[in-house]
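Chain nomenclature is as follows: A, B, C, D and E, assigned in order of appearance, with residue numbering initiated at 1 for each chain independently.
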Amino acid sequence: MSRIGVFVCHCGTNIASVVDPDKLIAAARELPGVAYAADYKYMCSEPGQQMIKDSISEHGLDRIVIASCSPRMHETTFRKMLKNTGINPYMLEIANIREQCSWVHVDKDRASEKAVNLMRMAVSKISKNEPLYAQTIPITKKALVIGGGIAGIQAALDIADAGHEVVLLERESSVGGKMAMLDKTFPTLDCSACISTPKMVDVGAHPNITLMTSCEVESVSGYIGNFEVGIKQKARYVNHDICTGCGLCETKCPVKVESEFNLGLSTRPAIYKLFPQAVPSKPIIDKENCRLLKGGKCGICAKLCPLGCVNYEDEDRTITDNFGAIVIATGYQLVDWPSMYGEYGGGRYKDILSGLQFERTVNAAGPTEGHIVRPSDGKEPETVVIVKCVGSRDPNKGKSYCSRACCMYAAKHAHQILEKLPGTRVFIFYIDVRTPGKGYEEFYDQTRMDGAVYVRGRVSKIYEEEGQLVCRGEDSLLGEQVSVKADMVILETAMEPSPGIAELTSLLGAARDVNNWVQEAHPKLRPAETQVGGVFLAGTCQGPKDIPDTVAQASAAAAKVIGLLNKSEMETSPMISAVERDKCSGCGVCVGICPYKAVTLLEIDDRHGAKRIKREVANVNSGLCQGCGACTSACRTGALDLLGFRNKQILEEVDALCL
Amino acid sequence: MSEKQEKMRQCAEKLLRDGEAGYVIGWGETRFDDRTTPIFVEDPAGAGAFVWNEYAINSLAKYLLDDKYPDKKIGLFTRGCESRAINRLLKDNQIKRENVYLIGVPCDGKKSDRCTLCRERNPILYDVLLWTPEDDPPPAAGRFDRVKDIEAMSPDERYVYWGETYDSCIRCYACRNVCPACNCRECYADMSKTGFQGKQHSRSDNQIFGVTRAFHVGDRCIECGECERVCPMNLPIMGQTQKILKDINELTGEYECGMDATSENYLGRFDLDDKDEFM
Amino acid sequence: MPVEKSFEPAIVAFCCNWCTYTGADLAGLNRMKYPENVHVIRVPCSGRVNPQFILRAFQKGCDGVMVCGCHPGDCHYSTGNYFTRRRFMIMKRLLEYNGIDPERFHARWISGSEAAKFRDTAAEVSEHVKKLGPNVKYREEFRITESAEAGT
Amino acid sequence: MELKKDKLTEALLLLRGASNVILPVSNDGAPVFKLWDGVAEPCLSANTSLPPKDLLFPRSEKMYDYNVKTGNISEISSNKKQTVFGIRPCDVRSIENLDHAFLESGYTDSYYKTRRDGLTTIALACTETARTCFCDSMGLSPNDAPGADIVLNDRGDAYTVKSNTEKGEEITRLWKSLLSKETGKASKASGSVVCDFKARADKDLPEKLVARFDDPMWDKLSKACLGCGCCSFICPTCYCFDIGRENHGASGTAFRCWDSCMFSDYSRMAGGHDPRPSKKERLRNRYLHKLAYFNLRYGVTLCVGCGRCVDKCPANLDVTRAMDIISEGVRADG
Amino acid sequence: MAESIRAANIEAKNADGRAVNPLLPCMCRVIRITEETPDVKTFRIQTPDGAKPFDPMPGQLAMLSVMGVGEAMFSVTAKDDDWIESSIKKVGQLTEALHSLSEGDLIGVRGPYGNHFPVEDIKGKDLLFVGGGIGLAPVRSLIRYALEHREDYGSLDVLYGSRSYGDLVFKSDIFENWPSRCNVHITIDNAEDGWDGHVGFVPTYLEEKAFSPENKAVVLCGPPIMIKFCLASLMKMGFSKENVITTLEMRMKCGVGKCGRCNIGSKYVCLDGPVFTMSELDDLPDEK
């Protein structure tokens, strides 16, 4: 028989004034397996703990039940205490007779009775406890940051500055992200490039940072501290090891295609740098558009290159590397408004720009060198309509959330127009104006002072009339239809997660919310973590935010990563799922239920009668499993069980209550 | 009828002769004209033993689990119900498609109560189809009628109804053993030591078996009706599983199992905006 | 089980460690009062609660059962309670279909801050179950159901 | 002596005074043995779908209570009197066979014995046989039940009453006022019933079966088997049991309950080894137990030919097929 | 107390002729626990009033139970005036529960069951005991019997082996108590530090020893694979199957030949066994 010791805490009078410890002791002595029972004023105190230790050696106890305050208070204390006694720390159960008994009940007899029940349940449960051993896992001291926008850049720099190796991975050929496309940043109106470019250069030059552009995550395995990531290095056709970025090759390329960076407002060659300040400042060949790679005759760039960097034979490669932590910083994209807003012409009208297109337009390095002109005829607009919440806050258009940054950049756009083209009439259609941020409200006020006219209401229709865009909508303050003839319309469109987020999160095992943003582990308390251990979040991949918030979150994620990588190894909780392979039929229901991708099917060698066969069974990755137990309830046969909360332990508790 | 039977025999014979299949599972005679029994023919010369008549009732799919790792393909005469059962087994990762050779035999309806709910006479999965598909029976009016009848009772009446039903259960587990959704390596009910299922015959333990089994298979039930057919006590077993199907249908719309081998089962997934009745 | 006037039901509440158990502790911290009938079994997540536990509880003599966890979306393990919701939407209906009174089984979302909700739920369930009296359905009594033995 | 059918209820009520009366009543038209409430009409048209073996060997039976803490053990026994009315010759024979198993081989099973001592059997000879009945192939007659305390034969408007034992005599004394002299009128079919369904149960069947222990026919015969316990549980002579425990804190009850040798966990040992790992071995063991092993041990065939398993098998397996194959020495094909 | 259990013998009647229930255990106490190997313990059992629960013959079985967990059958490996012993390997739930018992704990006992080694038939013969691993447990009862009745038997040889030194059971017997009174030959499968005895498998050692079959009975117990090879060796050495005796293990529930599990053909191991000669086993179907 097990030799259980039951220890009842008075907690001063907190417990003893309502629950009669003597009754508990007397009842405990009647229970099977209980070898010793005693009470004390404060079990958690030094003498209390000593008393437990002494009783263990004196009575040869092998399991300890403590009837006291909530296990959330002192479970750790008592486990630590057991560590030094030779009893496994998990041979401990706590009956919560304070928070869930003496403090919430008045009738002493009935409270004592309930306390006896709770103690009995703990005694029954512990009779089925088994020793558990925490595993320590080594930690690879290297972080992977996915996404080279400002969030990824900031996180990478912070981690690298703390002395850890970082791989910064970017899908495009240059880091910089959306921030590099912006002209000025609200509310201070400092030039976006001026503040982001130095950071881009820093990551390119940092000794601890390996920049991997034109790369995508292809596979992820492993768990916190020990991820193995397969990275696809897309063919660049230019040897970046030799290339100096002189730019000669770009000059003679016969191909002209729409520039992604300028959002179609200008063109670029097939061998190109994403933008002039790109980091790395080296070109790649766009294989979709390169004449030679499409099978045609050309090869001009190869001839031009003085160093022979161009290699048309280049191929995609997969690089595998190990990381201790991963930061997701994949950012956002703007919704594809033309497909959603037929009433705005569905993209037919050239002079309707998205906010980002306007950013490129107003940017001195942009296609118009900063002149605000209509794309259709190059004329300066006299009337500009800015429409906010295009796609945001509109469940009918699929996005019920607020994109957070648009109020401010609408104001900024108005400000920029009024500044560059004084006298222009600017109308801003809005639902609400939200300016929570340092200096934001002041900036908004200033814009109104500048002359921007705010019209409360949605624009219901935009159509062309005599070379102008008629914006019709309701002024909900006046309650009447309004119609503005504009020369240019700027749509402040909603943010949505960048493409590929679904694939990436499913590789990582991270969850997404209803809007496809990556789900944080806790909305308040763990905003920079995913629920997958070792995978962190930075920037707009988690939800719309502006630059200050993005950078703050990136630094927060970096701090988490640094905290993790500073350890050489970590202990994992032993209270995780375990598989009894003999019972497991490999049906795989558990695989889909695990939020951490901790359960996978594993092929094992087995026998079927006399035949040697291979069959699949569930396999729990102890590094990934967080011990929620969701898989165990889905396992019909009971092959999966949760250590520390085994089926038989819980059933014992149920049985004990009903005695 | 005999023409089809002949086709079946020829097909089986050829499969066996060509070595395409190690053996073929079909129906064979018994000592009673109105009964057949599943037979397993290895020898091409024995293919003449297969019969096809209105008493070829037993679903054959579950036998695939007896031989999960065959050296050669297993030939199986496959009707609508077998094919759905095979989808069930495929989805549950119990058999490999390449291990079976499915001989499609559109069903003309059999003399069994289990066929009253049938909606798929034609195999939805097969390697060869022996004859032209049959017209599917008109959608069984009132798929969930019996469930509705029971739902209409008061809680106490329902308890008595099921209690008395389970009083007669002899726990022979025929329902489980014939069920394609019951494909655990070891059934929870055979492990009385784990504490979920007592082995004694009491109303309580019988009911717990009934409800647990229903819960285990409910969202994966293909409604083949085999459980009720095999029950020696003629218990209305599907009244339980169909209750779950009915609820799922009400909660998420049209829900049927075994129509393909990939759809995730209802309890194996979730939607963020699932209906929530728990405050 | 005393059946007289002073029937005190045995109620078991499976509570997730991160929300409801914390909420119950908070109720204690705030010295809220509720009936003594509710006994909490701590589980890591409501997703850990195997519906078979509920059957067992009724069989062994619980008069009422509660399953409580974080609100959907707040699960410490991100998605555990979404499965809980599906499982118990089905299980609750199935239990009722088999004659268990709806008031005897409850699933509730109670967060770590909702001490009052825990108190109110405990009180409400206690009261309902008390009114219903001892549960006899599914109760093991080792009754041999053999036809010939019936009534003996 | 004979008992007029219109006196039957009265006769049964007399029995009910001294013991529980169990008789077949209609359950949706099918006869099942039930504790008689003194009112229900006996349903005697056919044999019951379940045998009455649970009167002696209940599906679940408490054996003893124990207390883990104190070490007390107290035996539980049931010594109530039961009279089963309308039991058929095959089932009477099955009780004789169970007597061998439980009361012989060195040990007397006291639970069985107590119930057996309290049981009186009033058999009813068959007036017709079901299509799966093959009792007369198994060495007994549907027309008589020599092992019963009383045998009734249907003679149209009356039953002839024949007492075989002291218990039977007691009942005839009890019924004295109800019994009348036999009128001698010839009945419809009574007394000359034969089974249409036949099985080859030759004298040397047990030896032949054992000799063909390793025959591939077992593979063939068992292929369609589902491995359920249906045949075992509806068989009047299957008596395998399991012993289990139900705990309530420190106290608990040990019980035994029916088990089936067809179940996968039946013969599996603690370490995982199973001498009968698949349904081939299990079916073979069951058939051999019915038709050979019991015979070799007790001198009688365990199977009584009631035909329930043939009727109810979900896969339509047929034990007589095995018997035929063995007796005729043919190979099983298909 | 002891009276009533003894009565649960095959006579199934107690002293005053009253039938007793053979399925009813008697509560006894574990008075000593010896750890033989990491997974084998020997339990010495006594009735609460200080007697032995029953008086088994060598090779007979006892049904031991941990109340609330279950029962299982074990061979009685030794007896004395006031106790019996069983040596139990941890293989499943019940044996795990048995292993968690402490001295002084309660244990349910019923028995003795089954036949026993044919102590009469082998009188006057030389005896060779061959055991492997835990297989020495049933043999131990006969070795002790033969040593107690030394004058009834000729030479006594014990040949015993296990995987490693740590897996050898009854170390005090095989190294201390027995060597002075009979010939003890010990082997382990693989060489290990600190072991200067014989190294090699039991069947090989058996052949090396070249025992003469002359007037000799062999008692052979161990894992099936060892039995198989030992038997082949013995046949080679000229032994006849009639003179090779072994004990069988099957799953048993009732112990009294009723519940059906332990049959091999028409024999019940709990009743007709566990002791069989190899030639008797040949007559039984191969289903062990």
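Please note the rule applied: a residue touches a chain if its C-beta (ideal position, glycine included) is under 8 Å from a C-beta of that chain, and two chains touch if they have at least 3 such contacts.
Treat the numbers as computed from the prediction; the structure is a model and nothing was measured.
Participant: Higher C-beta contact count, A-D or A-E?
Facilitator: Counting C-beta pairs in contact for A-D and A-E gives the edge to A-D.
Participant: What is the chain whose Cα centre is as far as it gets from that of chain E?
Facilitator: A
Participant: Looking at C-alpha means, what's the farthest chain from chain D?
Facilitator: A
Participant: Where the centres are mean C-alpha positions, what is the separation of chain B from chain D, in Å?
Facilitator: 32
Participant: Take the average of all CA coordinates in chain C, do the same for chain E, and state the distance between these two points in whole angstrom.
Facilitator: About 51 Å separates the centre of chain C from that of chain E.
Participant: If you average the CA atoms of chain A and of chain C, how many Å lie between those two points?
Facilitator: Measuring from centre to centre gives 35 Å for this pair.
Participant: As a quick test, compute the distance in whole Å between the mean CA positions of chain C and chain D.
Facilitator: The answer is 44 Å.
Participant: For chain D, give me the residues that contact two or more of the other chains.
Facilitator: If we look for residues of chain D contacting two or more partner chains, we find 50, 59-60, 68, 242, 246-247, 255, 259.
Participant: Where in chain B do residues touch at least two different other chains?
Facilitator: 186, 188, 191, 195-196, 198, 200-202, 267, 272
Participant: Identify all positions of chain E at which a residue touches two or more other chains, and write them in rising order.
Facilitator: 68, 70, 93
Participant: Give every residue of chain A touching chain D within the complex, in rising order.
Facilitator: On the chain A side, the touching residues are 30-32, 120, 582, 609, 655-656, 659.
Participant: So in the complex, which bits of chain C are touching chain A?
Facilitator: 8, 10, 12, 17, 21-22, 24-29, 31-34, 36-37, 39-45, 47-51, 53, 56-57, 60-62, 74, 76-80, 83, 87, 119
Participant: List the residues on chain D that touch chain A in their complex, please.
Facilitator: So the residues of chain D in touch with chain A come to 68-69, 247-250, 272, 277-278.
Participant: Under the definition above, what is the set of chain E residues touching chain D in their complex?
Facilitator: Touch residues, chain E against chain D: 10, 12, 19-27, 48, 67-72, 91-95, 106, 108, 249-251, 253-254, 256-266, 268, 271, 285-288.
Participant: Mind pulling up the chain D residues that touch chain E in the complex?
Facilitator: Answer in residue numbers: 63-64, 66-68, 71-73, 75, 77, 101-102, 105-111, 113, 210, 213-214, 239-243, 245, 247, 252, 256, 259, 261, 266-271, 275-276, 281, 285, 288-289, 292-294, 296-297.
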